[in-house]
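I've put the structures underneath this note.
You will see two complexes here that share subunit A, one where it goes with subunit B and one where it goes with subunit C.
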Partner chain A sequence: MTSATALPRVALAALLLLSAGCAGSRQDRADTLRWALSEVPNSLDIAHGFNNPSTIVQFAVLDCMVTLGKKGEVLPGVAESWTHPDPLTYVFTLREGVKFSDGSPLTAEDAAYSLSRHVDPKVASQAASYVTMVKKVEATGPRTVTVTLSRPNQAFLPTAALAWQIVPKKLAEAHPADLGSPEVGTLGTGPFKVAKFSLTEGVTLERNPLYWGPKPALRKIELRTITDPETLRLAVSSGEADGTADVRPSEARKWTSLRDVTTTFYPADNIAFLSLAVNQGPLKDVHVRRAIAHAVDRAALVQLMTGGHGGQADLFLPKPQLTALYGAALPALPTYAYDVEAAKAELAKSAYPRGFTLATPYDSGGENVKAMQAVAADLAKIGIMLELKPLPSEKYITQRMDHEDLAVQMANLYYSTPDPSEVLPDLLSRASAKPQGFNFSGYGTAALDAGLDDVGRLEGEARRKAITKVLAEVAEQVPYLPLFHNESAIAVNKRFTTDVGTWTIDILSAVRPAGA
Partner chain B sequence: MTAVSGTPLFGGRVARLRRTRPGFLTVVSAAVLALMALAAIGGTWIAPYDPAAQDVALGASMPSWAHWAGTDDLGRDVLSRCLAGARSALLWPVIVTLCTCAMSTTLGLLAGYRRGWVDAIMMRVVDLLIALPGMLVLIVLVGVLGGGIGWAVLALAVLFTPGDIRVVRSLTMAQRELAYAEAARTLGLRPTRIMFRHLLPNIAPTVVAGALLSFVAGLVALSGLSFLGIGLPAGTPDWGLMIEENRTLLDLNPWASVIPAALVTIAATAATLLGDRLFERLSDAA
Partner chain C sequence: MAFLARRLGAAVLLLGVLSLLSFVLLAAAPGKPENLLLGPRPSTPETRAAIRAQFHLDDPIHERYLSWLGGALHGDFGTSVYTREPVTSIITERLPVTAGLATYALILTIGVGIPLGLAAAMRRGGRLDQGITLTSLVALAVPPFALSILLLYGFAVTLGWFPVFGAGETAAERIAHLTLPAVALAAGEAAVVVRQMRAAALDLVGQDYLTFARARGLSLPRVWISYALRNTALPVLTVGGLLLAANLTGALFVERAFGLPGLGELLVTAVARKDIPVVQALVLLGGAVVVVVNLLIDLTYLAVDPRVRHGAVAS
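On to the complex of A and B.
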C-alpha cells in the first residue's frame, strides 16, 4: 500500500471509529437519566431520611414488603402474598430467590428486622410514628414473616408499602444510627444499586443486575441538587438535566411552555391548610376561628398557589382520599364561603369584636410566603392583624416542630398512602399535639381520639361514617381551615417518557427512554 | 487660644467648597439621591395606589395605563411599591451609616490619640472582626437571633466599624504629631476637646467618604438580606424584597423585579460617586 492510498483509508477508518464512539455515547446517553432534585438527599435510609429528596432515591434502591398500585391498592412487593387470619395478624410470604445487590439472599430475618428496627430507640427512626400499631414482628419460617398489631389498623398495609423498606439485618444492626449515610450507604433488592452517594456531588445509581422484577429500562441514574427553582427549570429546559419531580404548581405555566420537555400533572395526595392554635389567646374562641374561615378568600389562594392545577378544599382530607371514600357525592358538612360581612358578624359574637394582633412567624424561604401575605391582607379587612415575622427555614421548622409560636400557620402536607388513617391522627390526635407532632392546632379531645381509633379499626360503611364524623367536628370547630389541594407534576425531556400517578412510589423507575 | 479653638466647620473646607463649582457627575448624583430621599419621605403619598393593596384576581400584569410599571402576582402596583420602598431601602442604610460612623470615629480617634494599651487592645479586636466573613456571619447571626431588620442593622454596623476604625486611627496618629495638635496639648486642652474639635475636622473628608461608602455597603447588604428573606417581613415595600419576591415573574412582568434592582444599583452608584467627589473636593480645598 502506498502512502497516497493509505491516507484516505486511515482517515476513513478514523471516521468510522469516531462515529462508532459517538453512537456508543448516544446509547449511553439514551439509557442514562440525569435527574434534578430541589433539595439534598441526606440519607438513603427512611429511618434517617424521611423526606422527599431522600425517599425518591430510597425507593429506587430498596424494595418494600408490599407496594401500591395505580389506584392506591396494595400489591405484592418483596412479599408475593399475605394473609390476614385475624384483625391483629398479618402473615407475609416472601418471594423465592430474591437477592440483595451484593448477591446475598434475602431472608425472613432481614424482612422482620427491617420493620422492627423502626421502634428501636437506638435507631431513632423518623418513620417510627408509622409503626406505632405494630406489637411484634417475627420470622416464623424461612420465607414467612408474621406481624402482630396492638390494635386493628386499616392503615398498616398501605404504610408498609412506604415504611417497610427491606435492608440486610447484618448491615442495619451494625449501623443503627448511620445506615444510609454517605459513609455507610445502603444495600437493597430494588431495581437499582448505589454506585456513589455524596452530600455535595449527588447520587449515582446503576441498574441492579440481580433485581427479581422486570429489567429496569435505565442503565444509570445521576441525581444532583439544584436548589433554586429558576435554575432548576433552566437546567431541565437546556437539557442539562433530563427531568425533575420538583415542579411547583404555582409555576406550572413556565414548565408547560418549555420546548422538548413534557410536563405531566397528576392529583397530589396533599392538603394545604391554615392551622389555628386553639389553646392560644383569641384563637381559643370558636367564633374567631369561624370568622377567619369566612374572611380568607380561598378561591384567590387557589389561583395564586396552584396556577390552575388545583382547587379549593372544603373538607379536611386530600382530594384523592375523598374521591376514594365518597366518589363525587361528598358529605354535606358546614363550609365557610368567602364573605367579609359574615366574618365580621362572627367576630362580633366573639370576645374580640374589634379584632386583635397576632405575631405570625413564617418560613422566609418556603413556598407559602405569598399565600401568607394574601391571608394577612384578607384578615386585616376584619381587624385581625397578622404581624408576619420572617424566619430562616431551619429555624422556622425547628420552632414549628417544637410547637412554639404556632398561632396561625400555613402548611401544605403531602402524604404517601391512600388511607385517611395516616392523615387524620397525624393532624388531630392529642398524641400529635405535642412537640414533634403535626397537630399544630393543638385541638384534641378524648372523644375525637376515640373517633380516630374507629377510623383505624372499622371497615366499609362503618368506617366511612367514622371518617365523616371526624370531618364534621373539624368543620364545626375549625381548628384547621382547609385551603386547597393541588396537582403534582413531573417534567422530563422528550427523550424520556413517564408513567407516574398519585400513588407511584418509585418515581425514578417509572421513567423510561422514549421508545423503550 | 482662640486660634486653635475657633475652628470653623471641617476646618473651613465647607465654606471653601461652596465657592468651587461642582462637577456634572456630582450634581447628577446629588440630584438622584435627593429625589430618592424625597420618595423616602413622601413616596406613600405620591404613590398612585396603596402599596399594600392586593388584587389577587388581577395577578401579575405588564405595564399599562392603569399600572405604569405593572403589578406583581398579588396584584399590587409595582410603581407604588417602588416609591414606598424608597423609605426602607434608604432609611436602614442611613441608620447603619450613622451607627458605623459614630462608633468608628470615636474609637478610631481614641485609639489613634491615646495609643498604648488602649490602641493595642482595640486593634486586636478590630483584627478579629475584620477576619470574620461578613455576609456569612450576618446570615448566621440574623438566623440565630430569629431574623428582623433591627438585628440586621446592628450586625451590619458592628461588621462595618472595624475597617473604618483602622482608617480613622491611622489619620489621627498622623494628625496628633502635627504642630497644631502639639500646640493644643501645650495649652492644656482636654484630650476629648483636642480629638473632637481639632483633629476631627482635619480627618473629616475621609470620614465623610467612608460614611458614603458605608451607606452603599449597607444598602447592598440589606437588599441582599431582604433578597434572602431574613431582613424585613414579607409584604413590606422594599427594593431588595421586591427583587426576591418578583424574580419568578420574569415571564409575566419583568419590570416588577428589574425596576427595584435598577433603583438599588442607581442609588449605590450615585452615593459612591458623590462620596468620591466630596472626598476629592474636601481634600483639594484643604
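On to the complex of A and C.
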C-alpha cells in the first residue's frame, strides 16, 4: 500500500483522539465561569477603556468609592459613609482594613489620587467629562477624603460609582498613560484579582482572598472574546461558554429559544431619538418639527428595532431615569401621537406647507440603518423627503462630531447612572452645541441653560420640578423627538444564575453557580 | 548572488513604497482616531488635545511618516493608539495563531490537492475524475465563511467533536482548535490545487518520456513521483506559495467565524479604528511575507528544475 491511503486514516485517528481530549477538559469545576465578550477588553483602567468589554472586567477587580443599589440609589462602597456639609463639599470616610489584592493597605491618598488623576492631561482620561465639576480632592485624614466641587452638581455622587475606581497611587502615578494595559495591569480591592490579561488569550480572574466584602461565589472567571455574533451564540448554546451580556435585543428570539440557557431582560439606561437641527433650513420652524413628530410611526419603530423588548419613548430621558425620578407618576406633557393628518395640519401652518427635501447622512455600518429608512418612508407621506446618504461609520462619526450636515440624525445613547444630569446638559446646553459636543439639535437659550443649572444644583422636589420644566420645553419645541427605550439582556447557562438589573455595576459578581 | 541582491533591493523598495502608500491613504481617510477611541460619550477638549499630542496627530504628515520610518528602521513600530501596547508585542502574540492556521491549511491543501489532482489526471474522464472535478467545483464555490458556519454547526455544536471558538493553549489543544478553521480555509484552496495539478498532469500524459519510462518497466509510483510530479511542480508550487501568502494575511473571515485572535482580524479592527501604527506594521509584514514567499518559490524552482537553474546561471 502507498502512504496515500494510510495518511487520512492516521490523521482521522489523531483528530478523534484530540477531540476526545478536548471533550474531557470541558468538565470544569462548578465555581469557574467562562464568560464570552463580543469585543476585546482593551484596558483595565476606565481612563483608557471606558467601553463595555473593558468595564465589565474593571468592575470585578476595582472597587469604587460608592456603588449603586437596585433602585439606582447611591450606597457605600469603599467609603463606609459620607457627609455633604454644604452643596459644594463631600466628605467620605473609608472602610477600615481595606487592602489591595497584593496585601498593601488602601490609604486616603490612594483614594484621593484615584479621582484627581482623571483631570490630569498626562492621563488623557476618557472619564474626564464625568469629573469636570470636581475642583479639589484631598486626603484630609488617615481615613477621610474631601471633595470640593466648583459648582453644585447632583450627578457627582452617582457618577463616582463608575468613574472613581480605586487604584494604588504609586502604580497610577508611575503609569499615567498605560495603567491597565496588558503590560502594566492593575491592582484593586475588589472581589476578584487579575491572574492573566492578554489581548489575544483573554482575561482570567481569580477570587481575591483579601476582599473586604462577602466572599465571591465564583472561584475563577475566564473571559474570552468572540467577535462573530453567531459564533458567540453557538459557543453559549454548546456550553463552551457559560454566559454573555452581549445579547443583541434584535436577536432576542434566537437566544430565548436555546435549551440550556436562561436569557434575562432588563430595561437599559438608554434613549433613542431623532435630533432636529434647529438653526438652519426648514427645521428652524417649530411647526415643521411638530409635523415630523406626528408623522413618525414610533410604535412601528419600537417593533422594528427592539423586537418587543422595548417601548415607545415620549419623554426625553431614559426610562429607568424617569422611574428613579418620578416613580410611576410621570408628568403629563404634550406628546405627539402618530397621526398623518395632524402632521399635515402642522406642516400647513409652517412656511413649507408642501414639504421640502433634506440631505440626511447616516451611518451605513451602524444599527440604525433600518430605522432611518423607516423614518424617511414615514416623512415622505407628508412631503418631507429625506435624501438618505449612507456614510462609512468612521466618516459618519467624525462628520457628526464636527457638527456638519446635522439636519435629521438618529442616535441611541446609553448611560450609566440614574441621574438626569448625565443626559440633559450634554444634549441641550449651548456649551455642547459646538463641534465635539453632543447637542446635535443646536437648540439652546440662556433660560434653558439656567434651567439646566437648576437641574444640577437643586435637590428633592425642587429638582424634580426643574427637570419637568426642561422636559416640557423639549416636548413643546421638539429639538429632539424621543423614539424608544430598549432592554438589555444577559444569557447564562442553566448551571448558573444571575441577579442583574439596570444599575448592576459589577455584572460578573452577580453571576453565581446554580444552587449555591 | 547578483540574483539575490537584485531581489533584495527590489523588496526593500517595494516595502518602502507600500508603507508610504498605506500611511498616506490611512491619514487621508475620514475619521479621527480620538473620536473612535472615545466612542459615543462626551469628552473634554483637554482629553482630546492630550490624545492628539500623545500620538502626534497634529504634526504635518511628512514629519509623522518620517518619525514612524525612523522608529521602524530601528525596530520600534510604536504603540497602538487603542490598546497602548507596543505594536511588536501585539503582532507577536497573534502571529503564532495565524501562522499555525496558514501552515495547517497549506498542509491540508497540498496533502489533499496534489494526490487528488494526479488521480483525476490518471483516470481522465472516468468516474473518479468526474467525482473529483465536481467536488472541487463545489468546494471552490462555497465561500469560506459560509463553510465555517456549516462546520461549526455540524462538527462543533451537533457532534461536539471540536471546540467552537478560540485558539487553545497547549499544542494538542491548538491543533484541535485549528482543525475546523484549517478545513474551512483549505477547502477552496485545495480545489484550486486539484484543478491546477490535474491540468498540469494532463499535459504530461501524452509526453514521450513518460511513455518511455513506462515502457522501461519502471514502477508506477516511480513514474508518477520522479517524472510526473517533478515536471508538474512549477505551476503547483507557484499556486501553493501564493495561497500561503494569502493565508498569512487574509484569513479574516475564517478567523472571525471561529473567534481566532489572528492577524486578519487585527488588521480589520485596526483600520476601522485608524490605529495607524498597527496598520503600518501589518502592511509591512504582509508585504514582507509576499516577498519572502515569492523568493522561496523562485529558489525552489532552481532546486526542482535544472532547466531553470541553467537559465539563471547563463543570464
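One rule holds for everything that comes next: the second predicted complex is superposed on the first by the 484 of 516 C-alpha atoms of A that agree within 3 Å, B and C clash if a C-alpha of one lies under 4 Å from a C-alpha of the other, contacts with A are read in each partner's own complex, and residues count from 1 in each chain.
The rule we apply is simple: a residue touches a chain if its C-beta (ideal position, glycine included) is under 8 Å from a C-beta of that chain, and two chains touch if they have at least 3 such contacts.
The model shown is predicted, which means the values in this text are computed figures rather than measured ones.
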item	value
Partner chain(s) touched by A:507 [first = subunit B, second = subunit C, both, neither]	neither
First, second, both or neither for A:300, with subunit B first and subunit C second	first
Partner chain in contact with A:155 - subunit B first, subunit C second, else both or neither	neither
Partner chain in contact with A:78 - subunit B first, subunit C second, else both or neither	neither
Which superposed partner A:251 touches (first subunit B, second subunit C, both, neither)	first
Contacts of A:240 with subunit B and subunit C, given as first, second, both or neither	second
In the superposition, subunit B vs subunit C on subunit A residues touched	C
Which of subunit B and subunit C A:230 touches, first, second, both or neither	both
Touching partner for A:374 - first (subunit B), second (subunit C), both, neither	first
First, second, both or neither for A:394, with subunit B first and subunit C second	both
Intersection of subunit A interface sets (partners subunit B, subunit C)	230, 392, 394-395
Residue ranges of subunit A touching subunit B (in the complex, touch as defined)	229-230, 251, 253-254, 257, 297, 300-301, 303-304, 362, 364-365, 369-370, 372-374, 376-377, 387-392, 394-395
Residue ranges of subunit C touching subunit A (in the complex, touch as defined)	29-32, 35-51, 54, 82-86, 89-90, 93-94, 97, 111, 115, 149, 152-153, 156-157, 160-167, 169, 172-173, 175-176, 179, 221, 256-259, 261, 265, 272, 274
Residues of subunit A that touch subunit C when the two form their complex	2, 4, 7, 15-16, 18-19, 21-23, 25, 40, 42-43, 48, 50-51, 119, 121-126, 128-129, 132, 177-178, 181-183, 198-201, 224-228, 230-232, 234-235, 237-238, 240-241, 392-395, 397-399, 401, 411, 413-414, 426, 432, 436-438
Subunit B residues touching subunit A - in the complex, by the definition given at the top	52, 54, 56-57, 59, 73-74, 139, 142-144, 146-148, 228-235, 245, 247-248, 251
